């Protein structure tokens, strides 16, 4: 699909929104204003952005413990996201879920997930509903390199291919599952090679090139909407921060991080757009100011929102 | 009322709800043309077609996950796990995903799915095909748990389960499949959280579930011969649990025996005993007894399996013990 | 005696048993150079090497299965599941395989393995990282279940677990990792099936587990100020369970409150209450109370999480309720 | 490895022992003397026989619900097996296990298994013990085509390859998981193709040709003993009987069964050995008489053995 300038700038801005959101989360977590665990997406923005740029609101995604980027890219509201991280009643989950469980079913976001490999079977279910109803919706399952080894993920890929479900398995290979490098968790170099085990197309893309991701996911989505079944797309990328905030990354060296930071997906798209004359300094500044403003609002919304009342613990268990 | 087996009652409930609501469909291993390992889904594939009666690979996590995702997307899947014993390969999708989504998401999701699965020993199927695991499910907030003991309840509870907007674990007892009882042809529901009193009595309350309801009724007969009048109560659903009916019965009889087929230790009978020991303590004339399986896996050989299973004699002995 | 944290006590037990017995080794996610998600295995990789401190892929079924097979072949694996909440993807290997092999095989196999895993809420980790699931494990014949509340017990029970010839589920409480207590440097064992009486009293027995033992002791302090003398009993292992000590205490105090962090409904507290309601009924002066979490998933936001967790006030209120 | 005449005749006899054992089980099950479920191995004898002919007593196997053939091939005692099926105290499991749980840990048989996909992780564990101790033992995981889709099986293959464990995954592809044909349970034609997902060798062999199985497993075992890690061997075969006794096989047609019966693994090896002059009519008769006699004994042992006493239900839970 040819990309309009607007769409390109939108993708550029979405990556910036993710980056800035995560940067704020990092600050507030350090400041002790965000309880629990947070797993930041900084450095991987191109994967969620390129993928969700293909999707429509009616399409589904299942996310992971590292889900903020997916949610933002799929259209999540920064205010309610930030409020949820702060544990406020105005958050997406009324403070019941937190970082690992933010969802927006209206937007097709079936939730971040605290269980590694938890999303695949659920994405199949959403895709099955689309197939059952004869709509052209697709479901994207985001999962990490570590999650690729979980039985649930592999079962999900098999069922999706056996039933030709409209699912796109988007693997975010950032090289590590917490401290465990992919080379120790699996013998294959490319997770995409596993697609053949289920007779589905499998491709490796540069996960820091948002356009490459967009392209690959676009093809997979078209295929899925045609009724030709699932695909596996492995996006090679890297997380700049620790596994969770607080992790000091003793298991990887600075040099590795540096080389990846040079592949900053935002800088790369920015330069591309500048070369093509699509992005000017003014435009860039205004984009960033808009994001900054949006975040200011999200943060003050989160800070000013009330905490849930203790008795709310008992609500929302059953429909 | 027409006589039907427990199995036919379940099959009829599935057929009638599928007829009524196009969003209801079935998924599971060999549930299609084969009709299910025990024949519960026989004829449904022929009647509703491949789209609504789906054979799956052997992949329980993917089955429960597919049901969860489809339910989150608004359908009403009824999935089958061939034996409850297999839940261990797939429990995460049920207890961390389906059961908790609504709460984790702040009440913004509905997961109207049913997981049907047979429990129980008595056919020499041994340790991995004979368990009763209701206590596990009843400990999971977000799940509802039904355990029908009669054909009538099987149909009515299953229809309620399918119409429920929450994930329901529907526990069938494989030895009850052949049991006959009155089952209306028309659609009806048996509400969740309402116990059934199968026999009224004044001297002791026997709370029993699934196949043990029938064993308790046998025991009640025996006791009646000695002039002991037992009230037999079947909770029918463990979540929600009709504590009120149980407690009211104990307030009347002043004695309680709880019976189930699962192993006694940390079994659901403990929950019932504990609730009564808190809420009706002053009405009790004697100790609360539990009759349940010993703390062993289910053995294969018939004499061992019979020794494993609680029987009417055990219940009678427990009642006698209370009455000193 | 030297002061050590609960975490250090566990780490020391692992190190000393690995030192003593070359067949003991560790497996789990990030247990190697990283030292474990909570730091429990810190230093062991450096000390014992890659062969005996094995990082695994994220693959819990394969981890527990590898431990089971290695144990069947005569080794003594200690595997870690990073959070007990993850057991749902791997429970089959534990409850149908490791736990039942010996019985199914007619007593001809030994499975000397330990599964270490942290439980508990209180750090804002939400519904899939905060549960207490001991009731599930305690319902599985063939498993032993340990739940240490103090650094001393953590070390001694873990050494017993490693030396036990059966599969042991060793449940640590993540909020106790930082708690300090006296822990001898030398090797010692705390036997399974022997409860600890942490405080002696005459008016009420409070049975509590894991972190709730400390909460119960707080409550006992408060009650003491009103002249109510509470005895605080920690079973330490749920399988085997030291029913005798609990019952003897109730025979003395005539009152029982059972406390745990897991949700109350079908929780292990029900088993304790039920045993006492059967075996010590005549000694009870009033209802048996349970203090435990409400029937909800664990919420994220601190005020909700605090409301979820049982506290000393709840225990005091329960005691007051019994004493009318 | 070159096969001696004796070894060839042994393999021939082992297949006959399996066939005859199963035929007796079929009779006695029909006669109501065997409780529970039985899943017969008739038609698949070459897989267990060719595989276990490679193994030594110290090597391990994990079996399945269809395990009689594996046990016999690994050296299981027909007397104790038959007694177990009859539920007798003299059986392998003292009557506690039955068909789906027969084991002989001394012979390295870590049990039949009632859970589809249950064996893989356990086989890894036995192989890990061998690796840990530096022995040259290997572990074989027998699993069916249906079991190939179970997450546990796929996790097991990944861990075995990541750790280079001496495991041989022997897939018995008999075309069906109960009523479900492989074409409906997976999109790939050959399960062996899944080996690539874990960077292990994967081969397809004719599962009704015991020598082909022997050859393939021999190579895999040598590789494993060398420390080069696991292999996947897919044996295409067919079960002649229903999934369990009582299943009337409405899901497959007679013609399919006939073509496979013509590929009878026993007949095939018999003819081969005759052509090579290794098997004579006399030898064949004496072999079969020996088997018949052994089975007579097994059956009368089973019939004459006592049932367990009720109180034995409480024994053998804990060591």
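So that you can tell them apart, the chains are marked A, B, C and D in the order they are listed, and the count of residues begins at 1 in each.
Simple rule for what comes next: a contact is a pair of C-beta atoms (placed from the backbone, for glycine too) under 8 Å apart; a residue touches a chain by one contact, two chains touch by 3 or more.
Worth saying up front: this structure is predicted, and the values here are computed from it rather than measured.
J.: Which chain lies the greatest distance away from subunit B when centres are computed from Cα atoms alone?
T.: Following the centroid criterion, the farthest chain would be A.
J.: I'd like to verify one number: the distance from the centre of subunit B to the centre of subunit D, where each centre is the average of its C-alpha atoms, in whole angstrom.
T.: 36
J.: Using the average of all C-alpha atoms in each chain as its centre, how far is it in Å between subunit A and subunit B?
T.: Each chain's C-alpha centroid was found; their separation is 40 Å.
J.: Report the inter-chain centroid distance for subunit A and subunit D in whole angstrom, where each centroid is the mean of the CA atoms.
T.: So the centroids are 45 Å from each other.
J.: Please set out, as single numbers or ranges, the residues of subunit A touching at least two other chains.
T.: In subunit A, the residues touching two or more other chains are 93, 95-97, 101, 113-115, 149-152, 155, 158-159, 162, 184-186, 317.
J.: Pull out every residue in subunit B that's touching 2 or more other chains.
T.: 56-57, 59, 61-62, 85-86, 88-89, 92-93, 96, 103-104, 126-128, 141-142, 295-297, 299
J.: So how do the chains connect up here, line, ring, star, complete, or something else (other)?
T.: It is complete, because no pair of chains fails to touch.
J.: Report the residues of subunit C in contact with subunit D in the complex, numbered from low to high.
T.: The touching residues are 25, 51, 54, 56-57, 59, 61-62, 64-75, 77, 89, 92-93, 96-97, 101-112, 141-142, 144, 165-166.
J.: Can you tell me which positions in subunit B touch subunit D when the two form their complex?
T.: It comes out as residues 29-30, 32-34, 37, 55-59, 61-62, 85-86, 88-89, 123-129, 294-297, 299-304, 306-308.
J.: For a test of understanding, state which residues of subunit D touch subunit B in their complex under the given definition.
T.: It comes out as residues 35-37, 87-88, 93, 95-98, 100-101, 113-117, 146-147, 149-152, 177-180, 184-186, 250-251, 307-314, 317.
J.: Which part of subunit B faces subunit C closely enough to touch in the complex?
T.: Per the touch definition, subunit B meets subunit C at residues 61, 85-96, 99-100, 103-104, 126-128, 133, 135-136, 138-139, 141-142, 238-239, 241, 258, 262-263, 265-271, 273-274, 276-279, 281-282, 284, 286-290, 295-297, 299.
J.: Sort out for me which residues of subunit A touch subunit D in the complex.
T.: Touching subunit D: residues 149-152, 154-155, 158-159, 161-162, 184-188, 193-194, 196-200, 229 of subunit A.
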